[in-house]
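Pasting in a structure now, in structure tokens, and then I'll have a few things to ask.
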């Protein structure tokens, strides 16, 4: 993944990385430079990657990375060109090394680099309200409006013909043309990702961003978190109602319609032409297909194939749901069955 | 419906309306003036109305409108005084013509007409915080408080003895005496109403307003959308907890109590003396009677009669719900039934 | 409960209290002073307490209070040192008297005492954004950050190394070291507590506060209400995701993890090491034990013992839940049972 926003503080010497992970490995030339940390597929020579599950062993065999953070039991899955760095907790170590390369991606303190918009180059280009703030590395297209008290923090690109409401906060986001983000939203903050620890949880970096494609609308009071290792994406012409929560790494397709107070947990993928009723919840790491309808208030805890209507908790086919909820239908079915069994 | 806030840009010549809808109708005198667009019941001579469903054919026969947007199959339901304008998609055409009359009611960009309150006539009348903004066509009664960073956008009337919190945004609303709207609320924005379209959804105008009657309280982080063709109403002395979402056209009666994170979808009607538990959801176009209790977390997908307690998803009578959720009770009932059948 | 924030306006003469409650009791020396109102356990000589349920009669027998608001049927449960004040509605009367002692604890109008931070002693101590406001009786530790437009209203103590986001409002709260409160939160407002009344509901005072212990994180758009007679507490190193609502008097233990859009109703207690999935709801006055896992979307309506995994609505043991939701398993079990019964 190319990263438009988070500055890579590398390269680092491999000896510093080894030190940081508390690994003693004398066979490694300690003055080798490591340029970046990426996943198995994207990483290249002079970069470091990681392997934490057997699931990825085929990818591991083809990685071009020079180093790989992994475990004792997985270290033999790597090609000879890739030197294993054996640790006890792969993800924790990855988090530490990612933090070395991208220290800005861990904490989300308020952006102290902002200036009032009338002190910036956007003064004559944008129609803006009172008390609007603009951070570093921001671009805004033509014919845009930004409401009162809104804060466009660092690392934001806004296309043409966009309307951003009042009291809204955006950072680390690519927003395409003709997008509306209404009032009181927070877009691009880190997700709810950390390693639990009894004394003090350890946050891992979120180096992903939020991408909102053209013609989208985001309702009042919604929160859209940026991705951790991938991006959070809202596809073209998708509309979100008020008070919706989209967690990190979620990807939503085009032309989807999501009603109020829906929550989509981390790393789930929603197809195109999907309709989700109010207050429905989608668990993490779920895949919802195209042309799916999810009834209001449903709880989706497993994948939903294309062209399906589901409802309930756990969400199931809508006909099945309605049937299961009619006690007398159950009785009827049972009686028929028992009759059939000649009981 | 008389419209206190949205300025009617009419009259328009019928020939311009016909052109806009791409209708060729030579029998119509093209220099006739059309003054407004209203529903079948409210419309008068020289106004245009619409008929899109057989359900309304009785109303249609009595309409006083001079013109009616309708379909080929419904056009004969109109009185001879009303000239049918036949289109393929009635609601879409209504949306277009409403947009001609009320262009301000489509988009909800931030209100650029606001001024700091200390530059307005409210300077010495209201107790206000820092950075308070007031839009055009705003009235505020005696003994009111408005918190920091709050934006009273255009078209708002606030009664006496009201307390508006901080970071709150209000537009297109009539607020009666002794109402409290707490922090971080958004009141009076357009609802989630639009015609889905593969390339770019088409928003229809929301010419309704929000009416909050006396003695109400609206909790922190709540959103109340204004109506599309009718109003959104919160009845006297009704209390809403935090993070509640009230969609467009919803009407809530008096003395009702609605707990945190409840969502009420578009055009539903809630009676008086209703209690709704936290996180419950009410589907759109539902009628909930008076003196109803809805358990927390319930999903209401059908009408609820007066004086009922419901719970569950879909919400049903509370005794029925508890019984259905006890497996052993089911077994017991079954066994009794089987015994009774002498099996 | 010692009260760090709400100023006790007492003492009051008992004759004034009797007058206010419309009680005629000539046996009481009318020039006696009453210093405070507390619960049965905490109250002392020269203080007033209350007894409204038989549940508390053992506590009542040991109270050191000089006066007790109670009912005709409970008045004999008190020791001779405690003079009963008999009323019809105990809680309503308690509310009235608490309001005498703590008039500031009833309404939560915006804090008009705030000043811009650069006009305060925190100017050189805190890293702050634009338009930050600080109320009276606020303390802030070293190395803290406060984002744009954030309002630290009166009665707030913030520890060291804290990061408060933008557009956030805090009052009546004790925040320990290394706490993060993200954007658009409201912390410390009164809860949803009042006596329903047909004309105009009567709010009772909330003299509790919010306590957030060290290393916690509170996600964007969350609301945490302060307690009414006790405090609302978030234990050490507990993390809350976005759009969470924590009602008054709720107590959450240490090291707990609560996902997005969860709601916890008033006076419930959550243990330590608890994990709650997204959109789950906990009813009021519930006790959830330690090491409990609650599935996303669950509705908890009864106590949950330690070391349990629950799911569903109403939430039950996870294995039971999954079984109940498989129709064919039910059939299988039934068939086996019927076979066993030789039917």
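Letters A, B and C mark the chains in the order given here, with residues in each chain numbered from 1 onward.
FYI, a contact is a pair of C-beta atoms (placed from the backbone, for glycine too) under 8 Å apart; a residue touches a chain by one contact, two chains touch by 3 or more.
Quantities reported herein were computed from a predicted structural model and do not represent experimental measurements.
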* **Any chain that touches chain B and chain A** => C
* Compare the two sides of the chain B and chain C interface and say whether they are made mostly of the same residue numbers, over half shared, or of different ones. => different
* CA centroid of chain B to CA centroid of chain C, Å -> 33
* Asked: What are the residue numbers in chain C that touch two or more other chains?
  -> 131, 149, 167, 184, 221, 243, 261, 279, 313, 334, 338, 343
* Give every residue of chain C touching chain A within the complex, in rising order. => 127, 129-131, 145-149, 163, 165-167, 178, 182-184, 215, 217, 219-221, 237, 239, 241-243, 255, 257, 259-261, 277-279, 295-297, 312-313, 325, 327, 331, 334, 338, 343
* Asked: Of all residues in chain B, which touch chain A in the complex?
  -> 107-110, 112, 114, 116, 131, 133, 149, 151, 167, 169, 184, 186, 189, 192, 194, 196-201, 221, 223, 225, 243, 245, 247, 261, 263, 265, 279, 281, 283, 299, 301, 313-314, 320, 324, 334, 337-338, 343
